[in-house]
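Take a look at the structures below.
Shared between the two complexes below is chain A, which has chain B as its partner in the first and chain C in the second.
Our next item is the complex of A and B:
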């Protein structure tokens, strides 16, 4: 018995040794430097004197920050549910077709491989005032516009995010769907359940555990949408797609350390709450 | 009959959507085989402010390899950036494999205290976007005198926790009974890792490398922020500097930049899919 316990402890320690290099690296290069930034957020940038919440007050009263935070929240609130729903629909469609599945998967995954800059080039040609979209509308005698300089810019960003991540989420949903036992459907059909009933009472509840992971990964990928926005529209895009990344970039260029420190700490706090929320949901499903 | 019609309709809808997904590749390919004059003519409306609209033909009128030849022979900076990209990718992937593979194994099969809490911290770190860590990354690299160097950019990505998260799912599915049997036969932890864990989790390793390569090849924020010298820039920063006026070079450069990504994609597609899918399925 005692011997067994010793063995278990040794085993436990070895498991820890596997994690150690990664853990030390993460602590030294990510966590500790970030802790330092969080500390700095309470200090004055130049003198290093204690500033309390002064930096946070500056950030909150900053109109650019409010705009960027509002846009980022709006972007997340619209594009995450949209992507989740569309990719689920696509997965169900592909599952029910059950032919050429591999071919379609490759097609939908292709946007992952396309360099961001090439996508931005396409944007410029499509959405220029005299670009392809305006040209198409002209055929129907509708007015064109410099799309990237209108509120449509935001929707272009949403569309591009969905386009880019549809394949990734499709694979995630397909994996979730394939994990549902076919016996459940058979049993339900024997009991006389229709297609919709099967979907509501079997498919959806069984996909729920995957939902939270898929949401987390979708949010993770949504932070990368900034790349297209930045490459197609530069440092100061139309105000509807001015995101937190733009703001941090501009702060970085101006060396506004105090604002960056407070902003980063706030942002990290929001992500922390989000992960906590997702994790809690996640564990409850288990 | 009705069912067959429905099937056809579904296939048509999927084909239409799939076309939208791959259209940019066709567009770039077409553009890269056009001569300078033809591209200028097509984009004239946008670049010179003339009447009419941009044209996006399906096929080049006079196919030519001119753009490729010029890019490959006359733009040495393109090569420099291509190799910079390769260097960064290899450095980051090697580092990640070295660090993340054992870590994921430890988290999946270890029994040390605070394992769950630590893993939760990993997930939290995985979710942090670049801008949150921008200032701390800067201060870190500044302190280590690694600003404006490839080593600095590589260092920032090596300890990324995303690959640990994905690999964890792969290792987690290795049956415990197998490990127990090996232990009874007298294998120690390292032997179990190298002879059972690694071979069984190998598809996972390939899939994090494929996912990681696609990410590295498009790496933007860190090099943009921390690399001042243009001769250190990766390809992902070269392309954006070509505007509509250099569309000719941009098309050819895009296609060449796309090739390694497509190759990685084709070579690793099954693994890539498994890697993506691994996150969704709970055991």
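Our next item is the complex of A and C:
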């Protein structure tokens, strides 16, 4: 009994030692700096004097923050389900193919290899007033537009995010699908189950652990969509695609560290709760 | 299980925070103040710079060190008579050696253009007589390549100054002349390799074959250095004429110094040489400093740091270098004011690195400030001012990125002591208490225009002082001018003129909407911004509507220009470009900003020669506007506030304010008056318009009358409304103007686009 306990403890220690380097790295480069950000959210920017919750009150009453938060939420609410559904659909299609699977995987992964600056340039070529899209519409005698300066800008951002991350999610879904035993499907078919019933009662429940991982990664990746938006449209894009990162970026530029710290703490808090919620779900499913 | 959960929570937190991290600006690798102080406390010994007063305020042709060690110059006095002078042993006074022939006195069509001094005591001179009928030089029967405007004569002067003409026959203009250590004269003529000149026959012998792409040349001992337009340096043995193996150490050290070898003029060079005492030793000088190099060895040391002396001043051009036997160096140069003979003397007591470092930061390049820094460091050898520029022409850094870098520096405690507030978020800085109140600096300063120092005043405190300014004016015939009282009457006048003068340009034809808006933005924008920072949309709409009325689509000539850099915006909003056309009756209305004495000299010349033309301050939707520029602020977080304030005080002195590089008029009244008084008559300027090949016009500048200067200063004294410094608003307004004036979008749509963009910024 005692020997078993010692063995367990030793195994635990070994595991901890494996985790330790990355844990230290995260503490040093992420957790501690963020702690400083949280501390600064209660201080004045330059003097460092105690400001209490004044920065939070300023942020909540700031219309730019409200707009950016609304746009960010809207972006998440549209992008994440869309990406999950599309990538799952494609993964199921690819999974049912016997040939050319590798080729299609590579095709869908290609956007990930394209540098952000090139994507931003592509946006400009496509969506500029004198760009490809306006040119195409012109052929049909339809008016062109500087699409990045219209409400379409938001949908361009959504499309770009989905296009870029589809391949990555596809691979994750395929990994999840390959882990499902074919015997389960064979047994179900013997019992008379159809395709839809197989998907609903076998595929989907078995993919649930993957769903939570893919959702968490998709949410975190979605914040990187800012890079394309920033490179293509600068500090002040069309208001439909003005995200929290734009605001933080501009606050940093104007030395409004107090507001930025408060806003960032709130933002991180929301993401933290969301990831925690997903993790809890995941643990429960396990 | 609990531990696992805890680790899980930490990982989840790190994951979520990681999504937010990762794109902070880098801190940069600048040495800390503490490090500098430590260095400064330790090492002693540095070359200090001093000006040598020139004889009778002369301008200098050339300098050499004679074989006996005497520094000799050839110079012109104010009467246009040239003489040769030796610097006496005291190093302060000059002794005239001989006068050059009196018939070489400078007249309107006769000039002494070059004098080269030999270390042996003799000299070589070139005179130029302007030809009444330019000589056509025929390259082929069909192709007349150029017309020579003057005839040159070449003379050898012996040690007593007796001149003998050298029968040198060439159709090419002489560019540079220099004697070798052994007394051989080398010459560089246009489109020709460096040649040796035979004094009796005038025969030219190529020294560096194939070097017809020679940009400039120099000598150190028996080595000739020839630099081409690509910056390649070829070295040749002067005695044999053979090319020498490439001195890799020299090439590397010059390349590493960062000097731009493509910047040279007929008078100045970016790189000058002289020999040292040892056979293999040589010295070279650039704007980066003065270096000692041992030939063919990888040994180069920086003796004098250009950034601590006048060598690094942006207006300094280098002409000649001499190393005296007592260890001093003499550099002959020319700055925007006059010729300079600079002496560098080693002081073993001076700290190697000045003990006090002031950090200055400017978003844009600022030549006047760089010039002022050189002046200040010269007067205060214990202080070094390091100016960091956020956006440079070749860096590719955007203004926004530069400001973020600045924020990082400030928050890390490495922020600048002095800030040039142009383009910076001044209100945010003031709100956060970053800027120091400079009321005491203004109290100590003398002769400032009191009406112009209000640009960064808030709640009775002065957080920034504009060191320079521009003033918007309008030029037209007196009758038209009388009718123009505001933006609407300006548009009315433009329309009336269009009707009555269908064949004439009313405004400059290359003004598209953005350029036209740039001319009027400064006198209108202050009216649009309400107290709460939001835009008065009706006034902005009115601006666009009137702009469309002024624009003349029929005469507009499209040019590939974009409103990009700060310097370009300054250039396009200048009054100067159009004055020449009003003067030549090719333009009816001209409005824009006076940025420099050069702009004013054109205006004053036009007023003197065209009494029917008049001018007055431009009134748009606001009146009595001025544009504050180079607004100096001191960081409240600086540990060297007093030193920074002292520097700002210096920047406001008459001496510092005379620096003029086109970045604005001086805010010091005496300096401005001095600049305007010093405008010389005689310079001819010319230009042609894009839509009219026969439109070449020119103007010979006249000295402005006292009345003209007084009237101009009077207008400046009335200005009391600072133009807006919000560049985001400017860019948003200008970008919509292009489509608005052509009717592609309505003024309402243009206003909507501007407010969409600006409201976000204001809401932040």
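Operating definition for what follows: the second predicted complex is superposed on the first by the 258 of 286 C-alpha atoms of A that agree within 3 Å, B and C clash if a C-alpha of one lies under 4 Å from a C-alpha of the other, contacts with A are read in each partner's own complex, and residues count from 1 in each chain.
Note that in this section a residue touches a chain if its C-beta (ideal position, glycine included) is under 8 Å from a C-beta of that chain, and two chains touch if they have at least 3 such contacts.
As the structure is a prediction and not an experimental result, all values here were calculated from the model.
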First, second, both or neither for A:94, with chain B first and chain C second: first
Dominant toucher of chain A (residue count), chain B or chain C: B
Touched partner set for A:31, first chain B, second chain C, both or neither: both
Partner chain(s) touched by A:63 [first = chain B, second = chain C, both, neither]: second
First, second, both or neither for A:134, with chain B first and chain C second: first
First, second, both or neither for A:236, with chain B first and chain C second: second
Touched partner set for A:279, first chain B, second chain C, both or neither: both
On chain A, the residue positions that both chain B and chain C contact, one per complex: 12, 19, 23, 26, 29-31, 33-34, 216, 220, 223, 227, 249, 252, 257, 264, 267-268, 271-272, 274-275, 279
Interfacial residue positions of chain A with respect to chain B in the complex: 8, 11-23, 25-26, 29-31, 33-34, 36-37, 90, 93-94, 96-97, 99-100, 103-122, 124-125, 128-132, 134-135, 138, 144, 163, 166-168, 171-176, 179, 209-210, 213-214, 216-217, 219-220, 223, 226-227, 230-231, 244-245, 248-249, 252, 257, 260-261, 263-264, 267-268, 271-272, 274-275, 279, 285-286
Residue ranges of chain B in contact with chain A within the complex: 7, 10-11, 13-14, 17-22, 24-25, 27-28, 43, 45-46, 49, 52-56, 98-100, 102-103, 105-107, 109-113, 115, 118, 120-140, 155-156, 158-159, 161-162, 164, 188-190, 193, 214, 217-218, 220-221, 225, 235-236, 239-240, 242-244, 247, 250-251, 254, 257-258, 261-262, 264-265, 269, 272-273, 276-282
Residues of chain A defined as touching chain C within the complex: 12, 19, 23, 26, 29-31, 33-34, 44-47, 62-64, 67, 149, 216, 220, 223-224, 227, 234-236, 238-239, 242, 247, 249-257, 264, 267-268, 271-272, 274-276, 279
Complex contacts: residues of chain C adjacent to chain A: 3, 7-21, 23, 400, 403-404, 407, 410-411, 425, 428-429, 432-434, 636-637, 728, 753, 756-757, 760-761, 763-764
